[in-house]
Amino acid sequence: MIPSTPEYAVALAMLICTAGAAVTLATARHRALAGWIAFGVLALSGLLALLGAASVLLTEPSHAETLFTARRLGFSLRLYVDGLSAVFLILIATVSILAALYSIEYMQHRLEHGVGRYYPNLLLFVAAMYGLVSTTDMMYFFFIFWQMMTLTGYALIRYEPRKPENLRAANRYLWMMQLACGVTMLGAALIAHDSVVTPGGETLLRFDFDAVSHHLPQLLIDQPARVTLAFALFLVGFGIKLGVWPFGRIWLPDAHPAAPSPISALLSGVMIKTGIYGLMRYFIWLVPGSVQAEFPLMKWGLVLAALGTVTLFTGTAQALRQEQSKRLLAYSSIGQAGYLVLALGVCLTLLSSTQPLMPALAATALLGALFHTLNHGVFKSLLFLNAGSVLHATGTQDLNKLGGMLRYMPVTGGTALVASCAIAGVPLFSGFASKWTIYTAAIQGHAAAPILALCAAIAILTSTLTLALFIKFFGAIFLSRTSVLVHDLSRRPQPLEVGWKMRLPQVILLALCLFAGLFPGLMLQFLSRVLQTSRQGLAVTLADAVPASVWTGPSLQSPGHPAVYVPLIVALVFVLMCFFARWLASLGGATRRISAPWLCGYAVEGELNRYRAGHLFDDLKNCLGRKRPPAPVPLTERSAPGQPSNPIPPWSPEKN
Amino acid sequence: MVAREKLNQLKARFGPAIQRADLPADDRLYLFVEPAAMADICQCLFGELRARYVVGIGADDRPHSGSFLVAHNFAFDTDHLLGSVLTYLPADRPALPSIARHVPAANWSEREFRDLVGIEPVGHPFPKRLILPDGWPEDAHPLRKDQPWNEVPAGYDADREFAFDDPPEGCVVVPFGPFHPTLDEPAHFRLYVEGEVVRGCEYRGFMVHRGIEKLAESVLTYNDIPMAAERICGICGCVHNVAYAQAVERAATLHPPPRAEYIRTVMLELERLHSHLLWVGLACHIVGFDTLFMQSFRIREPVMWIAERISGNRKTYALCVIGGVRWDITPELKAELRQVLTQLETEWTAVTHAIESDRNLQQRMRGVGIADADLVRKWALLGPVARAAGVAIDSRRDHPYAAYDRVEFDVITASDGDVWSRVVVRALEVFQSIRIIRQCLDRLEPGPLQAEIHDELPIGRIGLSSVEAPRGESHHFVMTGENHRPRRWRVRAPTYQNLQGIPAMIKDQQLADMTITLGSIDPCFSCTDRLEAIDIRSGQLRVYSQEDLLKLAKDQWQ
Amino acid sequence: MKTAFLIAGAFANVLLVLLLAPWFEGILRKLTAQLQSRQGPPLRQPFFDLLKLLGKEDLETGEMPAVQRAATYLGLAAVLTTACLIPLGFGSPLNGAGDVILLIYLLTFCSVCTLMAGLASGSTFSMLGSSREVMCLVTLEPILAVAILIGAVHRGSFRLDTVLDGSVYASAAFPWSGLVILVVVVLSMQAFLQRLPFDIPAAETEIMDGALMEYSGPKLALLKFSQMAKLVLYSGLFVHLFVPWGAHLAFPLGWLLFWLKVLGVVLVVTVIAATHARYRIDQAIRYFAGLLLVALVALVLASYGY
Amino acid sequence: MSILSKIREAWVGIHAGRVTLPYPAQPRPVAANFRGRPIFDPAKCIGCGGCASNCPAREILVLDVCQELRILKYLGRRCTFCGRCADVCPEKAITMSHDFETATPAISDLQQQIELFMSTCQRCGRCFTEPTPLEKLKLSGYRFDDLANERWVFRSKSFLEGAPPVEDLPLELD
Amino acid sequence: MLRALCQKMFGRSLWVYHANSGGCNGCDIEVLNVLTPYYDAERFGIRLVGSPRHADVMLCQGPAMRSTAKALRRAYDAMPAPKLVFAIGSCACGGGIWHDTYSVLGPVEKILPVNFYIPGCPPRPEAILYGVAVALGLVDKKVAPVKFKQLELPIPRYHPEALSGEGELVVYEKLEKV
């Protein structure tokens, strides 16, 4: 059965997933079989979703399809896949397929826990996300898909329920999601309107997206405060999901490390992205272009930009203090989510401006946000998979106990290096390209709102923090010295490096990273189709302003051409210089010799001498606000190590 | 009459436990006590009478008295009295109660005679091996008289590891030394570092042990020892040279002629000048201020030249023999020396003026490595470290020797006890030294350089001598003996005490401050370690036995 | 034609850095010696040092020699690529391929390679050095970034030739922001160049050259050269941003003037380095953080047109 | 003011100017009584062995090949240049030269060896006149120092009766 | 050609590492003194480095001690070739006064292959500079072993075969300074 429209494709994908869930539940006794079935199901459904997305982006969006209506109850399952949904579908499909493949081997060794609680939930989780990004119902089906995602996510996070911290994390996740759900639905209820609209001959229910959008202009005139409240509630709801300051740290850093690693990858790479999806959808697509004057775009934009800036700085700064690999990655997800919110804020701010070029910059910012969403989805999933591989191989995610893994896990290490470079914004990698887009838009946009330049500067500042963060992550796990733990493990007969089923997803994600980094123009051109294929609300203005001509395959330019970035030329020069450096090093005909590290002669390298990840950047962490260590003990109470303190009371001249 | 007064106080208190008391002079007191009363008497001296602990000595006296000898030396600085509490221990059971619990400064001294002479300080709070490597068999004690100076015991195992204590939770061990650019000499600090903060350390020093005391007791003779003594330390060599000679002269009641005493004073102060200038330079080098390091060495160089003109060598002056000095200060040299001093005074004034308001330097040195008066007393810290904490002790004034009782000078003190105070104290002491040398040159009276010695030196007499080295008081204990050499010669360099205070000083400091703190006591490991031996902790990666080393060396030759 | 020009320009820039960086280091050492009342080494001494290091044995102490090698090569490559971005007397060859944001990130990347080298060698002291270097980097690079951004904000452009041309003073009103950031950058210049009093990551008397401690032979030569090249590059950047006057003179004059100005910067840096003691890392970070806040204030000023 | 003190510090250096000595190009005279390498004058030496006995580094070795032939060997490698040998020499056959440029790739370059015919009285060292009672000979009589291993053989005396003869160190010279 | 140039530069840029394996500090300070204004070794390209990895020359001070033998050897191994070892002072050259005590192994040549000896206790800074100059081939060494042999009055019981090493023989006569 070949689905006729993208909507049917997505619906079918959801159906397949649901059916697959039942099958995997039945075959849960056979771990590998269940895994392969889950992979097959997700691959099939993912292909369907990709197909649907591709057809939307490459041709034209079809119309919304109503699959199921219960008019008396007031809800209908109406799906609509436009460009925006398509991007998220692509992300969900890609990551979920790879995570499923990764899971097969990853779950193979967790014998203490059955997979009956894993694969069915995974499949339903993915299905829920498909649904969430394609439904147009802002109330009931939003609720259903959201709950489906939340509850399966909850089950997956508490997959290893024996650890009390996992339970705590899962519960916290559950309650925060319920809160987000409630808040968002309340917002929807606030701006929903009773009257029925029938654009294009179709009768829409009151909570339908298009219906709400239709009524919004009138509502804005009548009750602006109500609209403001509703949008604030949306911001809170999706902000909780996305991990925006101050909500992010409540649930996100606990939930991500608790789940099995492929799930962490999905949670961080994909699930929290539904938050930015919601924000974009509601703040841009929901607001009709005709009310640009009434809707306080500038204010919302600045609020979002400020929130984003605060989020990216605090998230990254907190990440710097983490000593558990996945926890560190989770905090950094908060930080990266900040970039997305910042970009959205920039987009909204600039949309309000009447200066020339500003709509084009707004579009650039939005595309930057989308680009960064994809990039972050890819490299953060990759990083979680890397951390998972290390966890799988060593059984720990404590950075202090790891070290020197690159020798034993070259593929994992290599992919982690590229992902770290990408997330830290090293030029030539994907993160740099998307951040570049956001920065140029923000700084050029300072003409409209001067404060944006400051936000961009803080973002650049934070990207050095990110760099430090991933130097710590990569350096502590893969470089440094082999720790005792790794050394002991490497003595075992089987190699530490994970099997191909776990390596392949990492390599594929690596390829995506590299591609996006070297051909950012191509990516932005592709993403600009999003705006062209989802012309609704404010997106129409954006779509009309897209400066597509400045993006050619290999190069990026910002609107008005004041900034330019051609990764291929830079890469060429860089590679040439590398060869030159290598040639230079070989000039003297120096020989090589292996030697022991120099520790001042007396000591030899041992575990106690290994400088640990937890100690990296201590002074910086202190400066960023960690409590200083307890004040030094007064001198009189000190004594040399191993020697008891003086039993005689301290000598004072007055005595005797 | 101070000595008698103290003796009476102790007699009233301990009565029959004091077996004998020698008062060879008013500034020396030797008490021979019962072993059982040793701890009480020491506690009384340190706690109630507020004496400063100087050093503990263990000796193998079996060839002469059939027993072991333990002595604890104390100083009453304000009363100008040096005292020693001695006790004889039976040859078959060399043990006595430890005093380290009550007198923390005795910690190393007790562990030292435990290792080297085999006298057990019972109840020592930290009876870990300090000096002998773990590879040495338990029953081998190199300072016993039946051990030849060049014998390595049969059970010696060069590959045995030293057992360090465990670091505190969450700390990384940063090995510091023996070869580290801050340390000019080998010593190993095992720093427990948390991030950049030093939480503690374990010291494994005693790597510069060359067996000098053993050599002096068994191979060298009275007049050879000054040459060995001044090589205990390359910077304050003359101090040891003079201190040894004075200790022997004390024991033998020899009196060097006044001219010799003035020359000794001049050379000691010249040495202080070059040492302090060197130290200021090195301290600046440690904090990366190389210009001041260079300038300080430039200003110092004329001092080295004039020392060479006087003694024939820039550093090791080979100044003393028993009863006098070897080199004279001629009128020409006198004039030259005055000129050098004038130049030095001008230039050093300029430098001190320049650094006195240097905030950059003070930020690195103020509030760093604090040793307050309590710590000074507890560990018997000495010299500029003590004076920087406001404890005005200076052997030149408190226990006058050579010509110091005939010259005027001020004892420089500061109050903060931090590294900066030590800089200030040393910088100002330079001017005092110049002042002392000038006075000596004025008063240098003609006369012989050496006392006439007609008879052999008496046997079994004790001599104590404290000399204020640039780093603090150097204390020498000599017991004269047969064969023209001392029976026991014990050197207590100032660093021996100051180093014991280091763990307290560097605790909770930044790693960067640790180097300057260590530098600020002007550590002289060679002085400290003159006797001790140490094993090498063998590691997992590359272990050389000494045979391997030899083989490797031979391979390299071919 | 344009491509040929680009290649020639890049070649010229790289050659200039290769040849001039050791000379400037030599001048620095000679002047330091003069302040220390010494004769000092000949001006070409750094060349001797580098050549000697190229011929020396290459000890590999890390567990991953390939990473160590790659890190050193990448380090030099990053520096030389940066050299192609910064105009050194002529226009910037890569003007059409990158902008100041790329420049900011590449400058950061140069330091990252050094500390990756330190991490890969993995010895305790190297790690300490790397940790310190990262801490300095995180608080320091944003200052430079803000300086460049202020130029970009004033000029409304990110192009290298536009921004690296005294752009900080190009505000409509009196250039308050330019002056503030000038002071900030002057106060942090020693740290960009890793000279005293901010050579904390190297701190020879504490952690024995930090990240470079385990390196010898050609790798050390490359790493040392990268440091020397940074002296020229950062000085050049400083001149372009803050001392632009006379840059548009005809070829030999403008070119000579540029290098004279760079020389002037190096001389000032040397004098400061020779008269200061090294700060502690915590003191330095607080200092940088303060400067960074001031720099951000300057940016706000700039974005409001001052 | 900190900046003022920095200027003062720089001025200390600038004021002094360049003081570097052109040493290897131009020799610099040494002090008159500089203690450089001791030079042995075989014309004056009577072979009493006083220098050998009073050398703290024990590096002047004496080997009595036979009744009439005595070899005095100054090794030079561990000489501390203290001048004690010159002090005690009754014939003033040893002078402390001004020679300090003694760097060499082979340490044996510093050796000085004197072979002397001895009359019966001189061989035992009793003709050494002690300046003071403190310079009494440590060793007298025949001496058989180990010239090849550059070691003083301490055989004629031991401290305690019945003490074992001194064992050589486990490590030998190459 | 470049390769040869690189090798040649070894002499123009000596980075020294000072390793005190148990000496008294005297030689250390004189080595430091060599770097200071009056002697300024940096004019010959000599620099003091903190890590043996960067060093070309190891300046050994102090005798070879039991306690530091391994550490010294490790330091030597940590230096990249080509490398030179200078023994500075009487302890490093010959073990000093304590060459045979129980804790001292003797001269450093027992542990490391020594290339140049600079005797003195401590050697003057000029002597160290001179030693470097000798090592660099700038000046010739000034010392050579000397043997005097009394050849008159042959005595029958003389056994020449018991003597070792026939160097340059100088007949019993008054000598000039060597």
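Every chain is named by a letter (A, B, C, D and E) in the order it is written, and numbering of its residues begins at 1.
Please note the rule applied: contacts are C-beta pairs under 8 Å (C-beta built on N, C-alpha and C of every residue); 3 or more make two chains touch, one makes a residue touch a chain.
Since this is a predicted model, take the numbers as computed values, not measurements.
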**Item:** Neighbouring chains shared between chain C and chain D, ordered by label
**Value:** B, E
**Request:** Determine, using the mean of C-alpha atoms as each chain's centre, which chain is farthest from chain E.
**Result:** A
**Request:** Please find the two chains that have the most C-beta pairs touching each other.
**Result:** A-C
**Request:** Name the chain whose C-alpha centroid is farthest from the C-alpha centroid of chain D.
**Result:** A
**Prompt:** Which chain has the mean of its C-alpha atoms lying nearest to the mean of all protein C-alpha atoms shown?
**Reply:** C
**Approximate Å spacing (C-alpha centroids) for the pair chain C, chain E** = 41
**Mean-CA-position distance for chain D and chain A (Å)** = 78
**Prompt:** In whole angstrom, how far does the Cα centroid of chain B sit from the Cα centroid of chain C?
**Reply:** 48
**Request:** Calculate how many whole Å lie between the centre of chain B and the centre of chain E, each centre taken as the average of the chain's C-alpha atoms.
**Result:** 29
**Item:** Junction residues of chain A - those touching two or more other chains
**Value:** 587-589, 591, 593, 595-596, 598-602, 605, 609-611, 615, 618-619
**Message:** Can you pull out the residues of chain D that are in contact with at least two other chains?
**Reply:** 6, 9-10, 13, 16, 18-20, 30, 56, 58, 80-82, 169, 171, 174
**Item:** Overlap residues in chain E, where contacts from two or more other chains coincide
**Value:** 3, 6-7, 36-38, 40, 43, 50-53, 68, 70-72, 74-75, 77-78, 80-81, 96-97, 100, 105, 109-110, 121, 124
**Complete:** Every touching pair of chains is listed here as A-B, A-C, A-E, B-C, B-D, B-E, C-D, C-E, D-E
**Request:** Within their complex, state which residues of chain D touch chain E.
**Result:** 16, 18-21, 23-24, 28, 30, 37, 39-43, 56-59, 65-69, 71, 75-82, 97, 99-117, 147-148, 150-152, 169, 171, 173-174
**Request:** Using the touch definition up top, name the residues of chain B that touch chain C in the complex.
**Result:** 172-175, 180-182, 196, 284-291, 294-295, 298, 360-361, 363-364, 510-513, 515
**Request:** Could you please specify the touching residues of chain A with respect to chain B in the complex?
**Result:** 596, 599-606, 608-612, 614-615, 618-619, 629, 632-633, 635-636, 638-644, 646-648, 650-651, 656
**Message:** So in the complex, the part of chain B that touches chain D is made up of which residues?
**Reply:** 63, 145-146, 148, 150-152, 218-225, 227-228, 231, 291-292, 294-295, 298, 305, 308-309, 311-313, 316, 318, 321-323, 326-327, 347, 350-351, 353-360, 453-457, 483-484, 546, 550, 553-554, 557
**Prompt:** What does chain D use to touch chain B in their complex?
**Reply:** 1-2, 4-6, 8-13, 15-16, 19, 30-35, 54-56, 58, 80-84, 87, 96, 132-136, 138, 154, 157-160, 163-164, 166-167, 169-171, 174
